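Structure below; questions to follow.
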Amino acid sequence: MNQSQLIKSLKPKYKEFKVSLFLLKKNRLTKMALYGVVLLVLIAIIVPILLPSAQHIDQDANPQQKLLQPSLRHPFGTDELGRDVFKRVLLGTRISLQTALIAVGMALLIGVPLGAVAGYFGGFLDEIIMRFTDIFLGFPPLLLAIAIASFLGPNLRNAMLAIAISWWPWYTRIVRGQAVSLKERQFIKASKAIGSPPRKIIFKHIIPNCVAPVIVQASMDIGGVILTIAALSFLGLGAQAPAPEWGLMVSTSRNYFLNAWWYSVFPGLAIFFTVLVFNLLGDGLREILDPKTRKN
Amino acid sequence: GGNNNGIGGADQMDIVYYAYNAEPILNWDPSVMFSNGVIILNNVYETLLRFDPDTKEFEGILATDYSQSEDGLTWTFNLREGVKFHDGTDFNAEAVKFSIDRTIEMEKGASYIWSAVEKINVVNDYTVEFKLSYPAPLNLIASSPYAAFIMSPSAVQNNGDEWFEQANEAGTGPYKLESSSMGDEVILAKYDDYWNGWEGEHFDKAIVKKVSETSSRRQLIEKGEADITHNLPAEDVEALKNVQNVEVLSLPSFTNLFGFFNTEKAPLDNVKVRKALAYAFPYDDVVNYAAGGYAEQSRGAIPKGHWGRGDDLFQYSKDLDKAKSLLDEAGINQGELKLLLTYMSGDEAEKKAAELYKAELSKIGVELEIRAMPWESQWEMAMDTNAQNRQDILMMYWWPDTSSPYSWLYSLYHTEEDILFNLAYYYNEDFDEIIDNAYALSGEDLDASEQEFIRAQEILIKDSPSIFMFDKEDVWILNSSLKGFKPNPAYPLVVYFYDCYRK
Amino acid sequence: MSERPYLHIKDLKINFVSYEGEKTVLNIDEIKINKGEAYGIIGESGTGKTVLALSILQLLEMPPGKIVSGQILLEGDDLLKKTQRQMQKEIRGKKISMIFQDPMSTLNPVFTVGEQMIKVIEENQKLDRKQAYKKAVEMINTVKLADAERVMNKYPHELSGGQRQRVIIALALSCGAEFIIADEPTRNLDVTIQAGILKLIKNLQRNLNVTVLFIANNPGLISATCDNAGVLYKGEIIEKGTTREILRNPQHPYTFTLLNAIPKNKDTKIDLSKVIPPNDGEEIKEGCIYYNRCLKKQESCKKQQKLLNVKDTHYVKCSLFREGVNNEQ
Amino acid sequence: MSSNILEIKNLKKYFPIKSGFFSKVSAYVKAVDGVSINIKKGEVLGLVGESGCGKTTLVNTVLNLIEPTEGEVIFDGKEMFTLNKKDLRDIRKYIQIVFQDPFWSLNPRMLVKDIIGEPLDVQAGMNSLEIVPKVEELLEMVGLPKEGVYKYPHEFSGGQRQRIAIARALALMPKLVVLDEPTSSIDVLSQAQILDLLGKLKEKFDLTYILISHDLSVVSYMSDKIAVMYLGKIVEYGDSRKIFENPKHPYTQALFAAIPDINTERIEDIATLEGNVPSAINPPKGCRFHTRCPKAMDICSKDEPKLITLSDGRSAACHLMK
Amino acid sequence: MKNYIIKRILLGILVLLGVIAITFFLTRVIPSNPAAQWVGPRATQEQINKATIELGLDKPLYVQFGKYLKDLFQGNLGNSLRTKQPVVKELKTYIPPTLELVFFSTILAIIIGIPLGLNSARKKDQPLDHFCRFFSVGAVSLPTFWVALFLQLIFFRWLSLLPLGGQLDTRIKLLYEVPHYTGLLLFDSLIDGNFTIFFDALKHMLLPAITISLYPIGLVARMTRSALLEIIGEDYIKAARSYGLKEKLVMWKYALKNSLGTTITVLALSVGYTLVNTFLVEAIFSWPGIGSYIATAVMSLDYPAIMGVTLFSACAYIVLNLIADIIVALDPRVRV
């Protein structure tokens, strides 16, 4: 594709983008959520670079300064070992976002193709894949993650893995549902009539048409995953001290929370804020990407 | 006590409420129980003797007195008469023989403390004789907090061994079990026929309840709902000191914290490296902040207040320069050393100590990964036959099963064929010999034995197979209306409810 | 026509707000419907037929919809001035009710036909349940559904498309409304069923004297059913009059083209020169809305257009009419 | 007969209705039940009938998009159902289909270039650079500006979208094009243009069409031959003009009479067929139409009439024809 | 329909078997030696070896699985490594309090969540909707365990209104015969007519139930809102309005009933959430349920206990979903 072709082929995308932007503007809550997400991403990227001492976070322990009240020096106070809670909450952003993204990414990688294949081929293959998914969906949410994480051993990597393992079936289900209805769509029939092989149909027609619901689900799931990671850490199944992971911080702060409210409040608020923002974004995206809203 | 059992009189009822941080009891079998259950069973059952570490005296409980033969191989106990088990049967020498034999035969829990016992003879109804295969301090053993309880033979014979597991008891203690809901809550009620009688002021009932959140325990005691609790963060303790109706009591416990090096794995097989690591440990910070000041840096392996502790033993102190130069000597460059430390999940003090240690090590270019693990997993890892797969440093508390230095030195540093608790994998024949002899001696001459135990610790300090972190203090938080409570560190966290009353 | 029309729509302008900004979807100068007549509206898909129907009942979603100006007078009473509550209490179901485009989705799937009918009757005619039931059976018989009692106990999904459409008509009638808006009531039905429905509606109008606003996208449908009709194009009535006048003597180029574009048979080829618009890409902002596609456009078309009287009741919104161009057709 | 491009012989398609725990097949929807038709090269066959009578199923089966239950289809001398996968793919080049709904027959997430280019990519193995000029050519052929290459389907009107679908169908120069209600969701003006375009393309490329529609005016306008279907069967088949002038089968007659046009002045002129189409699961015994037939006789409920060829060359399946 | 139900039940059983298999094999990847745990700390190698054989851990995996399944069918989940008690027996005491909590929270979720969603949908894009949406999204974004801490702080420490934790006041427990028929305290005390216990139990339940129900409230509200929005846009709602039906009737009867299918399904899901949320907060509220139980089990890697709770929760969840599906399938008024 030469350059002018490229530019031309981008133009309609730009228009789509404009539509989204319009809908976004209309939806104030979603717009704010988007700013929130951008802010969080910026924090996650920039803070570890900007803070020269971020590499030496291990050395931050300064127990003489423990559990100091919020002040100008320590806007969120200090923790039980005299570390600055503000700094740790900021640094925790990266951990949470990164793990959530990876976990959701892994779940997508497993779930989406499986769902597309099951939905498109149907029959026996569908039956097998979907029964298998049913089994995973047979666990109440979070429970499988708890079980896996507790058996794999507590660390963040395992927590991520556990979440991915317990999360993919949701995507399989969504994508399969889409695929089944798409399969009946005439453009897929047309493609079949042309003689396209199943592989092409799945990757060119089915998966791209599942993008919207999957994106909506994924953006909401990022919130859910962050909450889950925090919960796992809270149960001692996630991040390990002294990592500045929010759930772990809340878990630790439990012991001090009658003396040092700030130590519990701020990491908890950070979780709340982040999850809220992603949930609102997902909610908004659902409306924005909904073909019904989009049609006109 | 002036009890008032009316429905309206709930507040006047003489109840003592002990808020405990974990399940008060998991195993009701007095021969087997080897954990939290001490706090319950020591109120329900009794042992022949009770050891007072302050005076180093043995108080007769079910035995009135005892004697020992010249060679230290025969011990004779005269038993108290007129004692009744909770099932109504009489306590006698048969019961003692039955109980100890049962414990030995079951080979569970702490039964090994009786390993020196060859035979138990019933001399007459109220005299019992222990024949030993080698000299051992049977008075200490018989006053052990675990595996030394005397139970009703008829109860066991009538009901079978499983009976205990369904939360039943057949002891002689002042309190009997009223109800228990799994491990969470145990209610004890006074045993009317207790041999020591109920003269004076006592509680009718005692409640021991699991309250795992520290904040909850603190709030319960602050609001006067609970009478006793322990294991609160230092910050809470500080705050509680200023609360009017709360009293704080701290005293040495016999629990101390170790950091065992994996001496079988390079470079920790090099004593210089181990010393360097011992010099990098922030003892003061750990004592002050991890243990909240309720601790003292260890001097050797035996905790403060326990006999066998050497008051003049050498103590490492934090000296990063020294640590660095020792590492240089051992040929280890900055940033080269990466170590894994494991500690028991859920233990705040261990966690904080590990984090503080990590911070110090980071300053001398040693990267420490710290990992919280359930005790069993941690232990499993330490027992791996391949030294490379084990953790480099393992944090562990030790407390005595019998009040002897041997409990520490033998279990933790004696050569072992299969690894059990020698988690530093320390092998030193000289050391083994010294402590074996010292143990045998302790039955006869406690002072001589003490000197030998101290000598053994000098070797340990030189070889530095572990960091001697701190000796823990027990901190008790009491409702100030609670009187008569006297903690005994030989019986960890036990509250003898019989001694307590309210004023 | 000095007599006051039953329904009188005046200068109704409705916009929709979207990402492209505001767009006018309805811009009607005037529609007059007399009591007891059947009035037809024809127009392509998307010209605003449904919007018109919904706005009469104030059921249009707002936003995105927006009423810019105008009046909808029902017996002289402006419906647009009424609140939702008033509409519900006085108008909807009482005076006007509507038959929706899609018989498949107009019935509530979770209630039986009977329940739905009874509720509507109870609500609008203040009858008790028993009487309402009787009335419902009666209504079902009116729309020529056999076995009324059995139909009453069925859920919508158990009925065929034709049966459903009849039930919907029965529902619309059972309110006791004197004015029924039928929004393409046969669009999704088979021709053989369509015929029945058309007859039914016509008979209702004739026999029960209900006023009918019949919306269709196919001129064939209104020819036998409606007395008067209007042609809707991009939200504007561009021609109106008696059905006969419009179909036999179309004056607007659009109407003309529309009628010409219907294929007849193999031997009468469609004269594409009378259908395909000039592709000169010329667009105007004001003036005639048909300008771009008009085969006869002239300078005068760029001006604002007005409804012009052709003859009697026949009006057309095309400046060419005055200039006599249209008459040559 | 050698000029037949497509021969359909006794084609049946039964959809199994599964029920019971082990998904036992308890009944069949006899969507197509023994259809035989021949289509000559260059001919337009119009297929009419009520909704659900099996028109779509018939063509889908012919195209082997769904498995046939029974019967044979010979396309250009080759037996379609015995072909292996590769040969089937090859033959698909020559048969194309245009669907009813122009919105859903085009993938909304693909550019026109990729939509029309798909067959070129799949069948001709062209790369992106070769495809674009070819697509532009095709767009111009169906009367769309070539700037449309880089647009999405939703940027086009219904009629335009249908042109795109036609362009895609023609990309591989097929011999037979199936048009499944190609104009039923677009307005009459666009319809006129599409019909005209289809006619022109047919001349130009010597195409054969199968045209499905329930709009009789469209069928009469386009077709050379007409097949009237009722409940999975052909009830009348023959020359389009003859059938329109003089329908023989009572169903055909009823169908034609039910359609109002702008010349219908009185509602009474519209004929109604009483009752609904019976279920294709349990079609009535005898003549399938007898339950609704105004001229039904006793025999109609017993014997199923065969499709017999009448003197004027068309055929009908009715006992009255004897 | 009958067939569908049978099929659905058999499918549920299949899923259950799968769940059992997964939990079983999960436990076999644990790095710790269950036998060592069984004999407890400070045990000898010999004791451990003996326990290994006793627990059948020396046998091949499939044999172990076979035995596990067999035991399971006999209602035996093995013994807890920590307490040595049969897990089934422990579950029996821990499940009722949790069920009670879950039940109570679900009721809260229904009576708060549905009206919230409904009003939100009714006033779409108006301030009320924004508020409801923010509230419901907020409710699902809150870390439960964190909320628990603060509710305690407010209602116990500051306001002295509600108890800190536990299921019943200890003193009340000593003074009254605590009834035990079903294990559901509220229910049992009502049977007994003992209102002192009833109200005390209610007081104790309030904080944990509110904490746990936050997520389901949000979930139910959100789902109800979106289901209703979809339904409100349908022709049949417009039609109902065009017939002049009252707004109340249209919303509360017509629309809500149509969304019932979604609501029932969501409720099943939300019970799943409450069930698992108990894992996070029961310990905080010293609630003697399976949540506290599993939290301790996780800390000490008591795998038979973890497995027991996992299996129970999964079973409950599967059955619940099954029931929801069957209700949705059975009732033609809900089936769409």
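Letters are used for the chains, namely A, B, C, D and E, taken in the order the chains are written, and counting of residues starts over at 1 for each.
To be clear about the criterion, contacts are C-beta pairs under 8 Å (C-beta built on N, C-alpha and C of every residue); 3 or more make two chains touch, one makes a residue touch a chain.
Since this is a predicted model, take the numbers as computed values, not measurements.
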Length of the shortest touching-chain route, chain B through to chain C: 2
Maximum centroid distance from chain C, chain identifier (CA atoms): B
Selected interface, B-E versus C-E, where C-beta contact pairs are more numerous: B-E
Chain located farthest away, centre of chain D as origin (C-alpha): B
Centre distance in Å when chain A and chain B are each reduced to the mean of their C-alpha atoms: 46
Distance from the mean Cα position of chain E to that of chain D, given in whole angstrom: 55
Chain A and chain E: spacing of chain centres that average the CA atoms, whole Å: 24
Residues of chain B touching at least two other chains: 213, 215, 219, 345-346, 377
Chain B - residues contacting chain E, complex: 7, 10-11, 13, 15, 17, 22-23, 26-27, 34-35, 107-110, 112, 165, 181-185, 187, 205, 207, 209-213, 215-216, 219-220, 223, 345-346, 374-377, 379-381, 383, 401, 411, 418, 420-421
Chain D-facing residues of chain A, complex: 1, 5, 8-9, 11-12, 15-16, 185-187, 189-197, 200, 204-205, 208-209, 211
Residue ranges of chain E in contact with chain B within the complex: 30-33, 36-37, 39-42, 44-45, 47, 82-85, 90, 93-94, 149, 152, 156-157, 160, 164-166, 170-176, 283-284, 286, 288, 292, 296, 299-301
Chain B partner contacts - residues on chain A that touch it in the complex: 56, 58-61, 63, 66-67, 80-81, 153-155, 236, 240-242, 252, 254-260
Touching residues (chain side chain E, partner chain A) in the complex: 11, 14-16, 18-19, 22-23, 26-27, 29-31, 130, 133-134, 137-138, 140-146, 149-150, 153, 157, 222, 226, 233, 269, 272-273, 275-276, 279-280, 284, 294-295, 298-299, 301, 303, 306-307, 310, 313-314, 316-318
